[in-house]
Structure formats: structure tokens, C-alpha cells
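Okay, so subunit A shows up in both of these, paired with subunit B first and subunit C after.
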Partner chain A sequence: MPSAALLGQSLLSGIFIGALYGLLGLGLSLAWGLLGQINLAHFALAFLGAYLTYQLSAAGMDPLVTLVVIVPAFFLFGAALHWVLARFAVSAFNSLLVTFGLTVVIEAAIQWIWSADFRRLESHYADVRYRLGALYIPLPELITLALAIVLSLALWAALRHTDLGKAMRAAAEDASMAQAFGVNARALALLLSGISAALAGVAGLCIALSYTLAPSQIYAWVGVVFAVVMLGGLGNALGPLIAGFVIGVSEAITMALTAPSWAPLVSFSLLIALLVLRPEKL
Partner chain B sequence: MRTIGALVAAGAALALVPLLTLPAFYESFLYLVFFWIVLATSWNILSGYSGYFSFGHGAFFGVGMYTTATLTTKFDFGFLWTLPICGAVAAVLGVSLGAIVFRAGRMRGELFALLTLAVSYVLATVILNTPIDGGPGVALSAVAVPAIGPSAPSTFYLLALAAAVITLAIAYQVQRAPLGRGLFAIHDDEDVAEVLGVPTYRYKLAALALSCALAGVAGGIHALFINYVTVGETFSIVVPLSVVLMSVLGGTRHWLGPAIGAAIITALLYAFTASDYAVAGRAAVGLILVVVILFMPQGVMGHLVRWAGRRDVPPPPQSLRSEAPIQARNGSIVLAVQGVSKAFAGVQALAGVGLEVRGGEILGLVGPNGSGKSTLINLVSGHYRADAGRIQFGGVTVEKLAAHRIARLGVARTYQIPRPFRHLTVLENVMLPAMFGHAGLPRLAAEREARRWLEFTGLAGKAAALPAELNLHQRKFLELARALAARPQLLLLDEVLSGLTPSEIDGAIALVREIRAQGASIVFVEHLMRAVMELADRIVVLSYGRVIAAGSPAEVMGRGEVVEAYLGKARA
Partner chain C sequence: MKLHRLVIGAMALAAATAFAQQPVRIGGTLALTGPLAATGANHKVAGEIYVEELNKRGGLLGRKVEWVLKDDQSKPDLARTLYEQLITVDKVDLLIGPYATANIVAAVGVAQRYNKIIFHHTAGVPGLLKYDMQFPTGGLPADPEVSLPELVFDAVAHAPKPPKTVAIVTSKFPSVHFISVGARDVAKKRGLQEVTWLEWDFPNRDYGPIAARVKEANADFLFIGAIGVEGLLLLDALKKIDYTPPMHFHMFPAGGPMAKSPVAQHALALTTFEQHPPFTDNPVAAAFVKTYNERAAKAGLADTSVDLQAAASYATWQTLEAAVKGANSIDDKAMAAWLKKNHVDTIMGQLRWETANNYMPGARLYKVKQLQDGKWLVVWPPQFAAPGAKLLAP
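Let's turn to the complex of A and B:
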């Protein structure tokens, strides 16, 4: 049995990684639930964002300031992606295949530019860690947690309480009906797809702050983040964060009690149980 | 049979390649082509034909890899002996998964994709953490390669070639057999397929078992080919995604499609990896996928087939009513419904409904919207299960039978909003119930039967069209033709007239009369009272899920409570 401090530390790391799961899942879940766009390229985009953060920081920019460049650029990319998918009337399932193709292209581009070797962002954030009793709290993870919570809550509130958000949800349910009531569903879809891609950029920053980068790592996140998205409920802005915490913490505890390599079993067993027992909930 | 013969001949010719003593890398390259043909084609048998896209093909392939790795290194099995075991283990795994997943009936496509993906992650974790692998991977360098060909590479070449020929032959046979027809129907509309007599659950399991077994064998061969098996490589997401890519590129609705896609992609990747541009090669493959889905979503074979189909000349029409009519059993009770109740989330759709249908009669089932007419049809045809009560058809208790069993007993239905199989031609739509329904005809007889009913409903000229090319009137008649082709004893017509113009209605009424004249009993659900009064021998009136009146049309429609149910209470 591990000590209380160790267990506490793994609980904390579970929360931190859960926040990143939630942040990665947020854009994915909104695009899937509200636009019917299953965007596998979300992960490649996040890594592209991470590499851009790495590159811009190496050029002397503060990592957090890189968002000023990355967020608008990714927003445009996301809007363009949806424009193409809508132009060709791509079905939800085929959007998965198209964006897989895109993933492969982006992965190749990353490998072309930055090589397949591991890259690590050197920033002044990485050295800062706070102490809370016996627990250590690294600053990069704290930034991730804060961004995930703030963005999830902001989007949740926006979708729920603003006219724009209500129009978006109406358009997601029945685009032609919403259009008949004067909602510009096409423009909203472009906006939402742009936001989703911009979120991938933010998640990329968080990945760059805490992890070593390699193009092959793109696929490492796919399974568990999809599980988070499904568990959280499609199109729900708070769902991915909550599901992310659940999965992150249960993985961390599994790792502390058994071996790290058993961790994937938790999230996927949860997902399978949910899919088989309560498919109507998804 | 000609196709199978050509396939075997091509295989035999290719089997001579090792005699040419080419440099080994040719054989290795061709090995990879055949290996991917097996994987993509086997994936397509379930996922392409039925539309249930699996992302877990890597799991079944991986099970085969580790079966061979474990049996040869730890238990000293001969390599060839492990191959059938690989297939069996993968099939058992697939069927156990399918038995759980498909039990709930229809499942949304993306959920199935995710579930199968999750299964591969779980499997990978278990194998990684148990003595099956344990972490470092399994080396097969000490395992003897059987001397089938003159060298080890040619042995692998021949094994993969044999596997590819067998897999393609199976895919071809499945597509032509009832199994394939049923899977294509499931692809378009699973509920309708079941109601027309397709045993959807068994078919999905059978396709899954075949698909997994073939992937397992491919994995077994590949384990020895690469000589060193690791969890990371085996269960990576690359295997399922490549398989999907190849199949979609080649065309998922044709047995040869995935093989074409596999050959193209493997050749592309090989050409680039052999050069200095491996990264560019991968990017090219990604771009191809994007472009294909956008511009050619049906794949290479899909386009070829459509292009060839345009020149298809319809055969000359045959004379009507040349064969046995629908069976008649005048007077006896065909359908007996007793005390049937059904509730949906608190709404009592039917409460203790009882009625009878006699041989050769038309029973008009009327009532306001929401009175439970369609629910009753869904219960009799087996789409829903009754909460209470008995339903007997021809003396057989049917309320607990699956819908396809009820269809086979001789019940057929139409849908109020037509639900044709979108990707099947009008002729194929009508052939399906002739093969799977009460008549259970073989393919050629089913085609004759289908053409007969197309002529009966005036659709003979549209036999080669897709349902999307029909107008509403024609789609309604397609529904009717599809129900009739099953040669039912009991026909459930759910508002066949709604949405038709007055002259079309007259035609439809004449048609229903003619169907009855051939001996079928008909339950006729309709709002249009003119048609009900003209056609029905007896009428049953439903209101709020209860029978409030039954009897001859003129008598029943004169009753006060019936008028009230329709128009509300009179206030004097």
C-alpha cells in the first residue's frame, strides 16, 4: 500500500491529466455533438499547436503569449475545415475518415519540419512548483487546470445563456428548422468549428508545457480522449472536463496501486461498460 | 462460379512466381500486398457490407499474432498448426463481443466503432501486463519456417497468396449468398430488414465471426513473417485505420473493392519507403484519403459498378399471376389478438386490445391519431414486444418471436412513410422479402417473383432504378410490392393512401381489392374514410389504446361514441 502522500500526489496528477483530457475533449465534443463532425485531426492540430508553441518560444516569445498567434490561426483553419466538409456534404462517419487523412498529412508535415526526434519546450514555467503540505504542484499543470476549467465553464455558460449559444444548439438539433426561424446556421457552424480548432491550439500549448513532443505521440491520446468525450456526453461543454477528472483520477489511482501499464484498462473498461449497459445515454 | 474459377486460376498463376527466383524483396512486397488484401477484405465482410464500421480489426489480427507467438514459442506447436487455432480464437473473441454488443439490436455506427476500438486497447493492456507478452515482446526467431516454397520469403508469399485467394472467394460468396443480401439490407435499414425476414442478429454475428477468423489467420502468418511481436506495434491504431482507408478507397459495397484499395495503398507506401521520401509517401496517402472521400465516396469499385450498371438492359416483362397466388384460407381465424397492452415511458399506447382477422377478409383499423393503430401493427409484426396479452398467428403464439420469424410465418407490413433500402435497386428491394419472407425463394425464383409484383404495382419500368429516383406515389407502391413479394397470409397496410392524389388513391384501392382477391387477409389502417368504407369487410375502432367499437363499416361508423372519438362531444 503506497503512503498517503504518494496517494495524494497521484490523485493530484490524476486531476491535472484529467484537465488536459477535458481540454482536448472539449473541442472534439462540441464539434461532434453540435456539428456532426468527428474530427480525428483535432489531435494532430493540438500537436501542431504544441510544436508552434515550441518554435515560437524558442524564438523568444513567452509560451502563453504564443496563443495570440495560434488561436486566430487555428480558428481560421477550423472554419475552413467545416466549410469544406459542409461544401461536400460529408456524413459524420466520413468526416472521421477525412480528418484521419488530414491527421496523417499534419503528422507528416510535423515530422518533415521538426523531425521524428523528441522535442522539449524549455520555459521558465517548467521550473516553478508550489508546495501544498506534502504535495508538489507544478506550475505548467496548474496553468492547464485553470485553462480547462475557465474555458469549459465559459463555453458552457455561453451555450446555455447567450442568444448565440441558444441559436447554436437549435441549429444543431434541426438546422433547416432553425434557419426557418432566422438563425444563420451556416455562419454559426463555421464559428463553432473555428472555436473547436482554436481549443485544440490551447490544448497544444498545455501539451507543450508539460510533455515531450514527438509526431508519433499524436495517436497516444486518441483512445482515452474519445472515451472522455463519450463519457461526458456529446455536445456538452462541461461533460468532457468532468469525465476527464473521473478517468484521470481513476487512472492515477490504478497506476499507484498496480503498474502504470494497467492504466488504459480503466478508461476503456468504463467506456465499454457504458456503451453496453446504457447506450441510450450517449 | 466463373468468378471463383478465375480467382483460383489467378492464384495458381501467381503461385508460380517463386519459380522465377526473383530477388527476395519482390516476394516480400507481394506478401505485404496479399496480407493487406486479407485484412481489408475480411474487415469489409462485416463492416463494408453491413455498415457497422469496426475499429477493432487490429484486436482480432493481434489475437492471431499472439496466438501463434505463444503457441510456437511456449508450447512448441508447429507453425502451420497454429493458423486454424488463430482463426478460431479470433472468431470466438469476435462472437463473444458481438453477442453482447448486438444483443440490444441496432447500434449507432460511431458507438460501434468506438466500442471496438476500446476493445483493442483493453486487449492490448491485458496482453502487455500478463505473461502472454509481459512487456518486452515475443521473439519468434527460433521458430522453424515450414518449407512450402524454395525459400522463407517464398513460403510467406505462398501462404499469404493462399489466404488472399480464400478470403476473396469467401467475400465473393458472401456477397452473392443470402447472408450478403441480408447484410446490405441491414446497412440501409436494419429494422426493416428484420421485419422483412432477415435474421439480423445471427447475420451480424456470422459476418463478425468470418471477419475475425480471417483477420486472426492473417495475424498468425504475419507473426512469423515479422519474427518479433510487440504490443505497441500490433495494437496500434494504424492497422484499423489502414484497413478502413483501403476499403473505402476501393469501395466497400463490392467484394473486390478492399483488395483494390489494399494493392494501391501498399504499393504507394512501399514505393515511398523504398525511396528517401517515406514522410512524403505517408502525406500522399493521407491526401488521397481526403480527396477520395470528398470526390468519390463510393470508392473505385463503386464507380465502376455504377458506370457498368447504366448500360444494364432490363429483361422483358413476364406475364402476371403465372405462379401460385397468395394462400387463401377463407373463414378461419388467421390472427387473434387478446388483451394486448403496451406502454412507452408511461404513455399507455395500447390497453387490453383484442381483435381477430379471418381468412380472406379486409379488416379496417381506424381511430384518431395516437389511438394505437401503428403500435398494434408494430406489435403484430414483432418490432415491439407486448407488455401483456397474447398474439396468435395461424395458431402459432407469436408475441415473443423475433420479427424475422414472424415474417417467415407469413406476416408482411408496409410503412406509412416508405422505408426502402436506399442503396438497393427497386428490383433488389422487392427480391429481398421474396428470399427471406414466407415464400423463402432461391435467388432466381425470387427475381421472377419480384418482377411479377413490380408489374402488378406498375413499377416494372423502374426495376433498375434506385429508390431515390421514385416519387412518393411510386415509393408507396414499392412498399406494397415489397410486402407482397413475401407472399404473406396476412398483410398489414399502414396508411398506404396518405399523401396520394385522388386518382392515385383510386388506383391503390383497386390494387388492394385485387390483393384480397388472391386470398390474403389484410389489416388496413387508414384515415381516409371513403377508402375504409369501400374496402373493409369489418371495422375495428381504437381510441386511447382501447377498442371502442367493432362490426360492419356502416353500422360502426353510425355509432355515437365513434363519431365522438373522432370529432369530440357534441354540445347541444
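Let's turn to the complex of A and C:
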């Protein structure tokens, strides 16, 4: 029988990894739901962000401060990417193919610059952990959790309660009708695409704080984060975080109670169950 | 008539000269991209150094050597296609294997179909390879699932406080999983109590719950069937919950990242070569280490030291050269026949192909190394230990 400490620590672990799933899924979900872009390059961008965090930190910058450089740079990249996709009227399905190609290009660029060898960010954050009874809370994971919650709530509130957010949702619903009411759908799409890419940069920081980096790891996250995005609902800012927690905790408890190799079955079983039972939610 | 003969003779001489000037083309693939690329890069650097040196020595049979290297992207299906291409389109003379078990099995299948000899360094499941002209050159024993755990448990039995309990946790990566399953039987036969057995999928993202279970089991000895950075990620997760295993073994780790990480202090791992005496007492090995350190740094590799992987690659090329010279031919069957009757001295030690599937009997070339103050040092068996080094444990 597993102890309470084992179950508690596994639960925490699930919440932390779920937060990262949610953070990775947030930008993807917004771009997919509100712009109709299935941006596979989101994962490659997140890893590019992780490598840039590693590089800038190696040059003496605090990992958290690297966001000052990475977020604006990624915002511009995201906006530029959308401009190109819009310029050539790339459909949702074709955006999947185009951004897959971009993923391969970014992966090759990462390997060219940093080689295929493993890279590891050694930061002072990794040494800090807090104790809560018999449980331990590591600082890097706590940072990820805080960023995921704050960004998800902020974007949810912005989309729901601000004029800009309402305009974005209106443009997603019916771009020509929104334009008839004076909404600049094109500018909003650039803004949203920029935000989505910037979120990938933030997720990259979290990956660099907790993981050893290798270019091919880009693909290890695709399946589970897609499941998170689908479960959370497209274009929903809070959905990926909640779905991330559900999948992360389910996987972690599975690992704690049964064979850890069964954990990957959880996310897709949940997705299949939702597709069968409540397809209208997707 | 005389003139006619002279012309024919001159033409024959010209043809023979042209043939002699054609390089011996050796074809192979490596995982230059994909999940195995970090290690594939070590093999590429080692191979390039060897071919360069070989050509400086005059090549093979008086002909220059050309290495036709393709990227299999860490995919066995692509490796299979590329080996077909190397034989049928590139028309290479000889084959050298890719990196890691699954790709090697795929490549050996193609070699068998075309009756080609193939040399390979890193196939971890000997039972999958039955072809008589495949020659493993990494020093792996014919029964790695028995011999390697035996070696590891021998080493820890000589620790200041030998373990009584063991937790065996493993990735499902084919070779390490196969050996870890064998380790369970070996531990049982030695009277060690197995307190935990865990398996995870390769690759795995979350080591937190696995770490929590390892901590709860609190074994004297943690045997981790890990490849690459898996073991390091588990140690990280253990550190986050304030647990350090008393003794921990990692099967085929990424040596560089571990060496730089304080959590990996005193980690144990398998090796066939480390860049310290007695291995570097061999001048060929010492020269290779020097060149490799420089070239790996130039190639941008984070880990520039020679260990099991780079040494296995070098030994493979040494074997290929010895077989061509021994048989005085690049004929596949002649080389295979020569290897069956002879041994080859490599920088890792002497290779022989005397079992049914050409693997080595017993773990003769394998050693146990330990990470001590950021350096990997062989600690077992004692005759191969780095000067003054011995197994450290709490």
C-alpha cells in the first residue's frame, strides 16, 4: 500500500507537469481556436526558447531575466509567421504542414548551433526546494506553476473582460462581420499570433529550468500537449491549464500506483473517452 | 603484332592503375539527428579521425579509404533503406554498422540479404543477431543480461558497506531493458532482496512519481537501466524530494552531462575505455584521446572525452582494417573467414569472435566506472582501476 507521502508527492508532481502541459498548450490553443492555425512549430519554438535561456544564462544572465529578451523576440517572430501564413492564405490544414516544415527547420538550426549533444542549464533555482510536512516543492516547478496560472488567468480575463479580447473573439467567430463593426481583424491576428509565440518562449524557460535539452525532444511533447489542447477546448485560455492538471495528475497517480510505463496511456484514454462521450465539446 | 601486344599491355596497366587509385568505399549510417544523435555525434567524430589516420598510413591495400556516411535519423526503417541504397546505388565495398540496437538489427538484415560482411559496435541484444558475417566490435558479451549485472554486483559487493537490498528501475529502451530484466535474476541468485522493480516508457517526461517510489523503497543499491540522460533526470527528481540513493548504477549514461552535475556524484556505470591509465598506456589510444578531445570540442560537443562509445567506434575501424589486411582482400567472405580464426587488438582490448553469434564470451572487456569529483574513473576490476581510485560509497 503506497504511503500518504508517496501519493502526496506524486500528486504534486502531477500538478507541476500538468502546469507545463497547460503552459505549452495555452499558445497552441489560442492560435488554433482563434486564428485557425494548427501551429506545430509551437513546440520547436518552445525548445528554441529553452536553448536561448540556456545560452543567455551561460553568458551570465539570470534565467528569469532572459524573458526580457526572449518574449519580445518571440512575439515579433510569431507576428511575422502569421503575416506570412495570411499573405499566402494558408488554410488550417495546410498550416499544419507548413509549421511542421518550420519545426524541422528550427530543429536543424538548434542542432547546427548547439549540436545534438545534451545541454543542461545549471542554475541556482535548481538547488532551492521548500518543505511542506513530508512533501517537497522544488522552486523551478513552482515557477512553472506560477507562470502557468498567472498567464492563463490573465489571458482568460483579457479575452473575456476587455474590449480587445472581445474583439479577438468576435474576429475569430466571424472576421468579416467583426470588421464591419470596426474591428481590425488583421492587426488583432498579428497580436494574437505574437502572444502565442511569446507564450512558447515562456514555456521554453520552464523547460530549460527543469529538463536536460536535446533537439529531438521537441517531439516528445507533441502528443500529450495536443491531448491537453483538445481536452481543454480550442481557444479557451483556462482550458489547457485545467486539462493539463487532469492529465498530469492522472499520469502521476498511475505511475505511483501501477507500472510507470502505463502512464502515457492515460492522456489518450481520456481524450478518446471525451471524444466518445462528449464530442460536442471538441 | 608486337605493337598490338604493347597497346594491350599499356591498356591493362592503365586500368590496373585506375583501379588502384579508386578509393575503398566503406558505407554506413549513424544517428546524426533524432533522439540518438547525441551519441551518434561521438561515433562520427571517432570514425572521421580513424579514416583520416588510415589514409595517412596509405589506406587499405594501397587504396585511399572513403567513408560514405548517411544520416538514419535514429530510425531503424530509414537505416534499412539507406543500407539498401549504400549497397545497390552507392555500390560501397564494405559496410560499417549504425548506432544502437534497433538500427543495427535493421542494417544487419540488409547485409545478410546481400551476403555482405558488416561490423557494428553497439547492438545490446545479441540474441537478435544470427547472421554469421556480422561482427560485433564493442566488446559486449554474448550474454549481457547475465555477465554485465554480474560485473556490477561484483563491484558493489566490494564497497565498504555491501548492499543487501536493491531497487531495479529501467527504461523500456530495448537493450537496457533486456539487461535490467536479467539483473533481477542475477540479484536474486546473489541473495540480494529486490525491494522495487519499475519500468517506464522511453522517452519519459515526468520522473517525479518514479522518484517518490524509489525514495519510499530506500534500497541500499539503485540499479538504473537508463540510457542517455534518463538516469540524470531521475537523480534530479530524487534531489527535489531530498533523497540521495546510497549507491546508484546507470547502464549507458550520457557521461558528459552527468560529469557536470553535482547530483550524479558517485554514480556507477559500465565502460570499456576511459581516458586514464592503464587504457592510455597504449600509445595508439593516447594519440586517439588527444585528437578526439580536440575534434569533439571543434565539433561543438558538450562532452569531449573518450569513453565507451567513441572507443567502440575506434575499435570497429581497427577491426575492419585488421580484417582487410589479414585477408589481404576486401572480399566479404575472405575477411569473415580471417576474423573467425584470428583476434584483433584494439584500444579497448582484444576482440575475438568465438561464440555462435560472434559475440565475446563473458564480460572480459567491460569495467565499472564511477563519477568522482566530476571525473569518470574505472574502479572495478582493480587491475583496470585508475591510479589510486577505488569504489566510493557512504
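We take it that the second predicted complex is superposed on the first by the 282 of 282 C-alpha atoms of A that agree within 3 Å, B and C clash if a C-alpha of one lies under 4 Å from a C-alpha of the other, contacts with A are read in each partner's own complex, and residues count from 1 in each chain.
One rule holds in what follows: a contact is a pair of C-beta atoms (placed from the backbone, for glycine too) under 8 Å apart; a residue touches a chain by one contact, two chains touch by 3 or more.
From a predicted model like this one, the values you see are computed outputs, not experimental measurements.
Taken together through their common subunit A, the two structures put subunit B and subunit C in a clash. Of the two partner chains placed by superposition, only subunit C is touched by A:Tyr136; subunit B is not. Contacts of A:Val222 after superposition on the shared chain: subunit B is touched, whereas subunit C is not. By the touch criterion defined above, A:Leu153 reaches neither subunit B nor subunit C.
Contacts of A:Met230 after superposition: subunit B is touched, whereas subunit C is not reached. When both complexes are overlaid on chain A, the residue A:Gln111 reaches subunit B and subunit C alike.
When the shared chain is aligned, subunit B comes close enough to touch A:Leu102, but subunit C does not. When the two complexes are overlaid on their common chain A, residue A:Ala187 makes contact with neither subunit B nor subunit C. Of the two partner chains placed around the shared chain by superposition, neither subunit B nor subunit C is touched by A:Ala58. Once the two complexes are laid over each other on the shared chain, residue contacts for A:Pro264 go to subunit B and to subunit C alike.
Overlaying the two complexes on chain A leaves one subunit C stretch of 7-15, 25-33, 43-51 or 79-87 clashing with subunit B, which is 79-87. Shared contact residues of subunit A, touching subunit B in one structure and subunit C in the other: 107-108, 111, 259, 261, 263-264.
For subunit A in complex with subunit C, the residues that touch the partner chain are 2-3, 5-6, 9-10, 12-14, 16-17, 107-108, 111, 114-120, 122, 126, 129, 131, 136, 138, 141, 210-212, 214-217, 220-221, 224, 248, 251-253, 255-256, 259-261, 263-264. By the touch rule above, subunit A contacts subunit B in their complex via residues 38, 84, 88, 90, 92-94, 96-98, 100-105, 107-109, 111-112, 219, 222-223, 226-227, 230, 259, 261-265, 268-269, 271-272, 275-276, 279, 282. The residues of subunit C lying in touch with subunit A in their complex are 32-35, 37-38, 40-41, 74, 172, 198-201, 203-206, 208-213, 215-216, 228-229, 232-233, 236-237, 240-242, 254, 256-257, 260-261, 299-303.
Of all residues in subunit B, those touching subunit A in their complex are 53, 100-101, 104, 107-111, 113-115, 117-119, 121-122, 124-126, 128-129, 135, 236-238, 241, 244-245, 248, 279-280, 282-283, 285-290, 293-295, 297.
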